[in-house]
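Below you will find the structure I want to go over with you.
Chains: A, B, C, D, E and F, in written order; residue numbering restarts at 1 for each.
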Amino acid sequence: MENLRLLWESTGLYNFTGPQAIMMAVGFVLLYLAIKKGFEPLLLLPIGFGAILSNIPVAGMIDEGGILYYLYGGIKAGVFPLLIFMGVGAMTDFGPMLANPKTLLLGAAAQFGIFATLFGALALNVIPGMDFTLKQAAAIAIIGGADGPTAIYVASKLAPELLGAIAVAAYSYMALVPLIQPPIMRALTTEDERKIEMQQLRTVGNTEKIVFPLMLVILTALLLPSAAPLVGMFCLGNLMNASGVVDRLSKTAQNELINIVTIFLGLSVGSKLSAEAFLTMETLGILGLGAVAFAIGTASGVIMAKVMNRFSSTPINPLIGAAGVSAVPMAARVANKVGLESNPHNFLLMHAMGPNVAGVIGSAVAAGVLLSLIR
Amino acid sequence: MENLRLLWESTGLYNFTGPQAIMMAVGFVLLYLAIKKGFEPLLLLPIGFGAILSNIPVAGMIDEGGILYYLYGGIKAGVFPLLIFMGVGAMTDFGPMLANPKTLLLGAAAQFGIFATLFGALALNVIPGMDFTLKQAAAIAIIGGADGPTAIYVASKLAPELLGAIAVAAYSYMALVPLIQPPIMRALTTEDERKIEMQQLRTVGNTEKIVFPLMLVILTALLLPSAAPLVGMFCLGNLMNASGVVDRLSKTAQNELINIVTIFLGLSVGSKLSAEAFLTMETLGILGLGAVAFAIGTASGVIMAKVMNRFSSTPINPLIGAAGVSAVPMAARVANKVGLESNPHNFLLMHAMGPNVAGVIGSAVAAGVLLSLIR
Amino acid sequence: MENLRLLWESTGLYNFTGPQAIMMAVGFVLLYLAIKKGFEPLLLLPIGFGAILSNIPVAGMIDEGGILYYLYGGIKAGVFPLLIFMGVGAMTDFGPMLANPKTLLLGAAAQFGIFATLFGALALNVIPGMDFTLKQAAAIAIIGGADGPTAIYVASKLAPELLGAIAVAAYSYMALVPLIQPPIMRALTTEDERKIEMQQLRTVGNTEKIVFPLMLVILTALLLPSAAPLVGMFCLGNLMNASGVVDRLSKTAQNELINIVTIFLGLSVGSKLSAEAFLTMETLGILGLGAVAFAIGTASGVIMAKVMNRFSSTPINPLIGAAGVSAVPMAARVANKVGLESNPHNFLLMHAMGPNVAGVIGSAVAAGVLLSLIR
Amino acid sequence: MNEMLSSGIELMLIGMAIVYGFLAMLVLAIGAMSSFVQRYFPEMPGSHPALTQHGEDPGTIAAISAAVHQYRKKYQKN
Amino acid sequence: MNEMLSSGIELMLIGMAIVYGFLAMLVLAIGAMSSFVQRYFPEMPGSHPALTQHGEDPGTIAAISAAVHQYRKKYQKN
Amino acid sequence: MNEMLSSGIELMLIGMAIVYGFLAMLVLAIGAMSSFVQRYFPEMPGSHPALTQHGEDPGTIAAISAAVHQYRKKYQKN
């Protein structure tokens, strides 16, 4: 009898709280988006499942002694996002950007989404229920960088209590890039601009591809060392691939290592989707601000490209400016697709890869700025 | 001279104790079983080698600062068995079970091996030299689940001092399934029963395979949250595979990640094969009880299948009940093989896979029961 | 204004110290050697990049909270070098050595490089600015073993402050084996000796290959347990491969696991290339002693082979003695190449693989001697 | 001693009841789920509904391959 | 409150200035690097300068394959 | 100083003695082991005694492939 009562009191039904149930439903929504809608499934599937597991009462998987508690250590130490960034670096080809370095300016312009959102988050504090500190505002703003590991890295340093919501917003909006960007791109460009064909890119040699990551890490070290962990690990991965002398390391960084860390990172992010942290007015603010950040970043990139097209000797299709938000390679594909609608023979993909990878550098630099200015 | 003496006093010959020598011999026996007899070599080879390494005097590989000490942390935190369970989940196809859900009852019946053994372990306390606490009895009983990671997980929580003996017994008996089960199966069935052909299974669609792990994790959360770590990680792996949207994660979970963790887990289990813990009367009790547990589990499964066959509209071959102990896919193969002896055209393999994977769920549920009732 | 000043004070330019700049230059030299000269790129590329990252001011990647700090934990615990050694063991074929066990004596002779260097390091203390303790001298001497993981393991135990310099010296000289060894080999042998053709090796069966690692680990446990971590993990890897029953574990140990650990190990070694530790007279001493160690080891091996050739019933080409330093398979290839110069039909490669893998055992044994005698 | 044995029996009864109960409930749940899925989300044999990912439509793939083609052609001429 | 907003504006201006400044400088640096590399280290199309590793010259490979061949022949005879 | 050098010499002598002793003993042990194995566990060339795993006999494999075949056939008909 005693045992039966003990058992009933140990069921989830007895212990469930309303907020936990809602958070599990959030987890299911994330799984639905990942599986049925194809929203960044590599991250949202483990995040959604992590949300479910961490909100199971009694099981205590996020308490000391639980697996999610230990896995979260890898985020707290900053190790998981940096290892993913190394793997992404190994997958990245800087060739198109090196062939047309001006496109770096598009990657810079699109980061305006970050800083405008930072201001927006602080302005939102006028709304009752919203009360973002400077650190929290900065952590939210980095969603505008459209770069998952960067957002998680910055959030884990500045506002770990918002990590779950920020990561979910970042990856969701990255998945929504094909829906968010095209209307903005069409609104800001004329049909003629969208038809612009660009000159073919020169071939970039191996030596340049090897020297670039080294140059980048040095400049970061000299000027913005707070961005050095992100930029440095990215450049390490890129150098492993470009140098061609450590292919087995490069392949492992791009495959098994990044896969293992992705599973662990997703589960740990999910473990931060607790009711107290997520079911707040702030989360609504974060979701709203994230959408605004993407829109502003896209617009800034397109406008910058229009300006550059006016002053450039070679034609620049403004659509590739939208790829400056990063979200590699989704944003570049969107630029390509919108371009094809106006001119079916105009393949912008390679041209858009330049601002696209520039956007990754840009958001890592912006992350460094935030980490160094906000204490 | 001083150095020579120092050196002699640092040899293993000078420092060896009898029990250490015996435990190294146990390690060699395990290696022999793994390599020459093909007994679960993936686990017993690293466990056996770990037993040898951890009993080398002076080297101190299980003391703080030694590699086996650090690796054991992964078991203590519960991380290693859960990651293996995730990988096993990714390898599991619930199709045959979903096509014939009644077979879940066979997976339930076979868990009687666990609970009968729990009682048996407590009863053994009448023998002088045996003195099992309730926690120890429960940890031993889980051997009857015929599931390695579950046994290690439960033992690490309830009776870490018995972990070595329990893991060795669990994997040894799983390897012995082809020897232990057939006589019991033949004794409990008639020739006619063994000849029963079963109806072909319907094809199970992808949607059902995706929904099932989600449904299972929810029901576990509601009713038996103490089983949620095991069942949850299993379902995560299964969902990664069934959803088809994160193939690279699923493949890594099934291959590199599970392989790495298996090496570490095996070595750490081996590090618990110290003389003080293993060379006791209790170990003999564990080995005896383990064999009994397997036998009872097999018999319960077969008898349950006989009962179901009587009341079922479609014929059920009682041999597939034996597969309810889990030990995937060995037990299902045994059912198939014994069936072929009576009827060379009767392929029971697919039919036995249902109770087989049901047995995995069953033993995880039984583990949850033990973990929640015994404190 | 305040923010601008804050920002300027957070730049690398403001914070760089001279020694940090020099160490970053050292990092670049290592990358140059790795990428352009092909010097052991698998290790020197991550080590060089780690040197750059760890000397970036402000970023604090080697301080608590930084990624390199956490990765270094894997060396401090001894886990990384031992896992690499396990992987190397899985890649090693003891066949040629078992076919001609006398070649073990060549692997023993070449370790004289270690002990002569130990004496040399102590003798160097007469030079002002050099002040090696016994522990430091032993850690430096192990460079003469021409085995990277062994050198890192011993250095991390005896003299972690010299780890960076010792690892760099060890891998650099291993890469320089094709330049260092041939002149010594030619100077110590006659043209006739270099022409000696050796008898073909017998085929070694699987059983012998399985028994050998077990025999080796037992003898190590009995006689030199302080070498057991190194020898034991090496034998585990070798047994996983030779036994043929755990191919999936063996392949993972040889590929993904060793690759992941190599990236982590390289970065962590690089993190020990700080200015205070590296820019000292001692480092010059280490580099000088390392070269001497390799030369003495090579010479000892060749001389031993000459002596054995005189007393042996079957002919022994003294060139294979040089392969006794380990540096697998580089040293064996060098022996083969120098042999071909004198006799274009004389393929020594297989014969040199015996002393080559014997050298690995020899240096692990020497490491055990140093670890047990020096406290 | 006797106390322990009786708690062993109690555990055996409760434990088996829960395992049976849980898995029997799972049988019913699967039955319900399967008929629900088969009625409202029927699957064509061979279809893989989960595998269609947006952003990867044939148009995009054609564009990518065309772009790569062009890029390669350029590369060869150099 | 007002103070926070003004520090928000300040951060926005400084932040964008740095991001722009850094990436603009990178444009110049890449330009300089590319012309330097193309002038002093010109590359043949298709060459992979980074992939030549010492110790792996054709001679060695020939030797290895010959040795393996010999070894295999021996093995077959047994 | 002198003391350190003398302990250096002592270490050199003892160290080399142990390394030599250990590897020489290994030569003898290998010799003994090899003749023991070759006498009592001779190997056919090409045989892989370690690879035979129980439970994986041809019968089982035939059964599995037949079962899979049947299952597939069913699947096609649907």
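A few points about this structure:
Throughout what follows, a contact is a pair of C-beta atoms (placed from the backbone, for glycine too) under 8 Å apart; a residue touches a chain by one contact, two chains touch by 3 or more.
Since the model is a prediction, treat every value here as computed from it, not as a measurement.
Chain centres were defined as the mean of their Cα atoms; on that basis the chain farthest from subunit D turns out to be C. Note on A-E: across the candidates B-F, B-D or A-D, the interface recurring with over half of the contact pairs conserved by residue number is B-D. Using mean Cα coordinates as chain centres, the one most removed from subunit A is F. Subunit B and subunit C have CA centres that are 41 Å apart.
For the pair subunit B and subunit E, the distance between C-alpha centroids works out to 47 Å.
Measuring from the averaged C-alpha position of subunit C to that of subunit E gives a distance of 26 Å. Under the contact definition stated at the top, the residues of subunit E that touch 2 or more other chains are 11, 14, 18, 45, 49-50, 53, 75, 78.
Residue positions of subunit C touching 2 or more other chains, listed in rising order: 3, 7, 35, 38, 41, 203, 210, 223-224, 243, 245, 256, 373.
Those residues of subunit D that touch subunit B in the shared complex are 1, 4-5, 7-9, 11-12, 14-16, 18-20, 22-27, 29-31, 33-34, 37-38, 41-43, 45, 47-51, 53. Partner subunit D is touched in their complex by these residues of subunit A: 3-4, 7, 35-38, 41, 178, 200-201, 203, 330, 333, 336-337, 340, 347, 349-350. If you check the complex, the residues on subunit C that touch subunit F are 98, 101-102, 104-105, 107-109, 111-112, 114-116, 118-119, 122-123, 125-126, 134, 137-138, 203-208, 210-212, 215-216, 219, 223-224, 243-245, 358, 361-362, 365-366, 369-370, 373-374.
Against subunit A, the residues of subunit D that register as touching in their complex are 10-11, 14, 18, 49-50, 52-55, 59-60, 63-64, 66-67, 70-71, 74-75, 78.
Subunit A meets subunit C in the complex at residues 77-79, 82, 210, 214, 217-218, 220-226, 228-229, 232-233, 235-236, 239-240, 243, 245-246, 248-249, 251-253, 256-257, 372-373.
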